[in-house]
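The letters A, B, C, D, E and F name the chains in turn, as written, and every chain counts its residues from 1.
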Amino acid sequence: MQANNKTLITIVTEASLENKLSKELDDFGVHGYTITDARGKGARGLRSGDWDVESNIRIEVICSELIARELMNLLQERYYDNFAMITYSHEVFVLRPEKF
Amino acid sequence: MAEPIILFFIFGVLAGLMKAELRLPSQIYDFVSTLLLITIGLKGGIELAKQPFLSLLPQIVAVFLMGVLIPLLAFPVLKLLGKFSRADAASIAAHYGSVSVGTFAVAIAFMGTNNIYFEEYMALLLVILEIPAIIVGIVLAKGLSKQTQWGEVAHEIFTGKGILLLLGGLFIGWIAGEEALGSIKPLFFDLFKGILALFLLEMGIIAASKLGALRQYGFFLLIFGITMPLVSAVIGIGVGLLLELSIGGTAMIAILAASASYIAVPAAMRLSLPEANPTLSLTASLGITFPFNVLIGISLYYELAVIAHQYFGA
Amino acid sequence: MAEPIILFFIFGVLAGLMKAELRLPSQIYDFVSTLLLITIGLKGGIELAKQPFLSLLPQIVAVFLMGVLIPLLAFPVLKLLGKFSRADAASIAAHYGSVSVGTFAVAIAFMGTNNIYFEEYMALLLVILEIPAIIVGIVLAKGLSKQTQWGEVAHEIFTGKGILLLLGGLFIGWIAGEEALGSIKPLFFDLFKGILALFLLEMGIIAASKLGALRQYGFFLLIFGITMPLVSAVIGIGVGLLLELSIGGTAMIAILAASASYIAVPAAMRLSLPEANPTLSLTASLGITFPFNVLIGISLYYELAVIAHQYFGA
Amino acid sequence: MAEPIILFFIFGVLAGLMKAELRLPSQIYDFVSTLLLITIGLKGGIELAKQPFLSLLPQIVAVFLMGVLIPLLAFPVLKLLGKFSRADAASIAAHYGSVSVGTFAVAIAFMGTNNIYFEEYMALLLVILEIPAIIVGIVLAKGLSKQTQWGEVAHEIFTGKGILLLLGGLFIGWIAGEEALGSIKPLFFDLFKGILALFLLEMGIIAASKLGALRQYGFFLLIFGITMPLVSAVIGIGVGLLLELSIGGTAMIAILAASASYIAVPAAMRLSLPEANPTLSLTASLGITFPFNVLIGISLYYELAVIAHQYFGA
Amino acid sequence: MQANNKTLITIVTEASLENKLSKELDDFGVHGYTITDARGKGARGLRSGDWDVESNIRIEVICSELIARELMNLLQERYYDNFAMITYSHEVFVLRPEKF
Amino acid sequence: MQANNKTLITIVTEASLENKLSKELDDFGVHGYTITDARGKGARGLRSGDWDVESNIRIEVICSELIARELMNLLQERYYDNFAMITYSHEVFVLRPEKF
């Protein structure tokens, strides 16, 4: 991985987890995150976004590759069994790598 | 039946079945339900201001016990007859032990239209009744294990939008009193039924979207979703008689007992009992019991309350 | 001109031209237009409840035929004089053959302010008139080809938010009747003009945003956007006289005829006639015809109806 | 204190401190504040229609000068005592020289509840007072450097949602006049206090979220956020006496002076003075001064106005 | 492509296509999708998001590279001529590759 | 970079910059952009999305690698000091490379 490259993880999951995951991310020591509202469909059926209970959020976190792997594993362990959730990651180029 | 808010609900269901693009933005759903919750709280608070709080202790205790009893009844049925997993049975039981604010709002409108008196502090009992079933549900699933983070559960319950807005409305109504609330009545009171109509339109659409899942989860859920509220309503009528409530008040307790949560409990279960499948409980409570109560249950329970008062009333 | 809702529209146009950050969130636009559509439906439904439905058959047939006629008139003009492609000409023609609910709402407010009687079942004719132009537009563009999936077109039309909310309101109003609707009047009826003011503020901003495109698409669209409603209004007045409507009712038919769709038809054309450029039709209907009708047309057509009744009225 | 809208604010603060999930969607916040801004504008506009505009020139000039004076007073205090950077001191000073529409709305409600007469054209003075402090703030930070793009600053100020909606409401109220506005009163006037209650609920939550930052930025900001409005209120009372306003009018000028902007000025500073830290000014104006004014300030300034009128009044 | 890598396609297009594209995706056999509301500007001008007619949506689909190419070609063929639409894709790392 | 590959830049920043950045992008000559509403947390604290002043937006721009670098540098220079803002970029595959 190049010096200016970091890993961007995206988490798509149930909106009701927003508070819990924000805390989780804070505790995990990532330096920031970005959240947007979403809806979608997956193994756990249609999540239409019509009301809170059936809404998704999409969380993006930029961090080091190492932290990214750990974070994905932690999420898999804690949430995949019981929650509608997917995570994926890829490399991105950033200008201030020390920030992330 | 020509009650317009019910027609809005039916219209919503039909639109949902037609897969029409009628859904309100979720933000409007939020706005509309916020208004309803505050209004219900305010109405209850106004009544609370009129009587010593302690005089309500018997009602509070009785309703709390009812909230413990109903999920304890529902759980074995769901587990043994319904063959649901322990977590699913506990979660569904919790939904039915708790209450639906939407059903309560329709009941208020029903009582208003038909000029039926009821004890307005019902809104307080509504809040009380939300809580025990959640705790019972968790205990049923996990036992009294030390693992359960009760502090977190309590935080989740009391900071959830539903209960907090009801409580906030109750306190504001209580402290301010009826007269001072006059200035905010045009929004919260005069618009109540119109806002409720919009809410039911949206609920109809959401309820219709649950019917697909129903086919999947089968016949038992359908039967349970209709029988359980009937049983609970009878219990509620018993409680109402015990408390020597008016006919309207008795019917209201029956309606509270018969309704199943679809906001507070799903949110709490999602975090405290995540292994329970939320589709099951929402299909039952939103797809079956809510429509049943709104279309048939409310007036049926009222009739039952009338009859019960004839036979057993003071 | 001191009608406040018109001032809200002008204010919106000015704010739009200043590129001010005044736009309401799209969810609020949705909320506001949902309220207007339901209210218009309810008002119409109340009237329907008062008379045998079959007695309206002549009006329904006449308005349906008018909805076929207007796009057939507009199409050759757009194709030959305007030099638009076949699809574009057909699409624009469909927009002008159909109706604008926003214009209709302003017309209701105009009639109310000036205490002018009109046959309230106009809301039903509004729904009827939305439909034929869409079909005619598709046939004009594609011929009666078997390729067109009419089932899908019909689904698109009848499950579109606009028509469905109007229809829902009509049915609810019809079944419930005026008295039962009293409880939801504060939201749907008392707030109508205020909600309309917010809607027109937003429409002004959107209309202003279309003026840029106008420069691009040129002079013909401007002329067409003003001439076509005038021609249609005259046809509408003829229909009103034939049907022996009141002066207000005649003016209403003229307004329906003169208005151009910007919700139902764009949505339907987008899916059934995607090769038509939606910017063209929206620029004409929203950027020119809507402001023209709101600011000048409505009162002009009313004057024309008055004169027509003097000369030709029964 | 049993004023319900204040209770909504307190409820919001408590919910915010509990980290409850009570926040309204931002689109609803937008809707609610749009309604308030238009209503305040309309109310002012109605009054303007009743008197020759030029007769208000003394008030306009006096308030404009007050808007220049207050930030000039605040700036050295912030820079020398508070040890803020030049940009931060200038930005905070601008916030306090300008006004808060939310506070003004609560003041209108306060005057209404207590049946206190005030000159209704205050809404015009509110708009006037928004502007000079922004200019003074920029000049304080940058000097009269040619670099400042005043055209852009002006565009930012006048096309900002806050000022434009107020101005729009003022003009519509002015042109249409009281009678014509009757039809939109149910939405804009009858619902005013209810909408204000929702707004204050949300503001309470936002204000509570600022308290965390307060700990970080320390004691000085807390003292400043309470002392500054007191000083400004005294200046405002002086201006009110000079202008020979009624007691209510004098109190209103004091409230305008004492309130600190949290919409128009933050937006303008963000673009014109981006090196100023917005957290500092918002913590002070929203986290301290707004709650202080709403809970204590408004009635305090009114008492001061009463006393001042006894001693110095005409 | 590594075993844990899949392709993420993003489609930005007119909101009025949401229902039609959801059905298209279901028929196409992808296992899920995520939708967010968007606005934007492109060859077909400004789509301000002020009202339905001028709103965009942003659809994300994670699938195999093969399906991704087919899907992009199908969209190009059916929609590019007449609709405001762009699609783009890139590789992402996922934890349960068999899911997508 | 392959013929069909372009660079996608994502900018997460304060919502109050939307108008200014849209103009900046137009002036810069990019052919389009997509905006979604967002909230988040970073070095400048929590931006909760509760009201305009504390909302974020997320802007995506697809363009050539060269323009992407220039754009990121320009944003860094003009905005990083005073605004909550991050930018990151990565390669994406597109069907009509001449469009971007």
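Rule of thumb we're sticking to: contacts are C-beta pairs under 8 Å (C-beta built on N, C-alpha and C of every residue); 3 or more make two chains touch, one makes a residue touch a chain.
These numbers were taken from a predicted model, which means no experiment stands behind them.
Path length between subunit A and subunit D in the touching-chain graph (shortest route): 2. In terms of the stated touch criterion, subunit C and subunit E have no partners in common. Contact count check for D-F and B-D (C-beta pairs in contact): higher for B-D. For subunit C, the chain whose average C-alpha position is most distant is A.
Taking each chain's centre as the mean of its CA atoms, B is the chain most distant from subunit F.
The distance from the centre of subunit A to the centre of subunit C, each centre being the mean of the chain's C-alpha atoms, comes to 46 Å. Distance from the subunit B centre to the subunit E centre is 40 Å, each centre being the mean of its Cα atoms.
Look at where the CA atoms of subunit A average out and do the same for subunit E: the two points lie 20 Å apart. Shared interface positions of subunit E, i.e. residues touching 2 or more other chains, are given as 36-37, 49, 90.
Multi-chain contact residues of subunit B, defined as those touching 2 or more other chains: 19, 21, 25-27, 30-31, 186, 191.
Each chain pair that touches appears in this list: A-B, A-E, A-F, B-C, B-D, C-D, C-E, D-F, E-F. Against subunit F, the residues of subunit A that register as touching in their complex are 6, 8, 22, 26, 31-37, 62, 90-96, 99.
Those residues of subunit B lying in contact with subunit A across their complex are 23, 26, 29-30, 202, 205-206, 209, 213, 262-263, 266-267, 270-271, 274-275, 278-279, 282. Contacts from subunit C toward subunit B in the complex involve residues 25-27, 30-31, 34, 158-161, 164-165, 168, 171-172, 175-177, 180-181, 183-188, 191. Across the complex, subunit A is touched by residues 10, 12, 36-43, 49, 56, 58, 72-73, 76, 80, 86-90 of subunit F. Residues of subunit D touching subunit B in their complex: 2-5, 7-8, 11, 15, 18-22, 24-25, 27-28, 31, 109, 112-113, 186, 190-191, 193-195, 197-198, 201.
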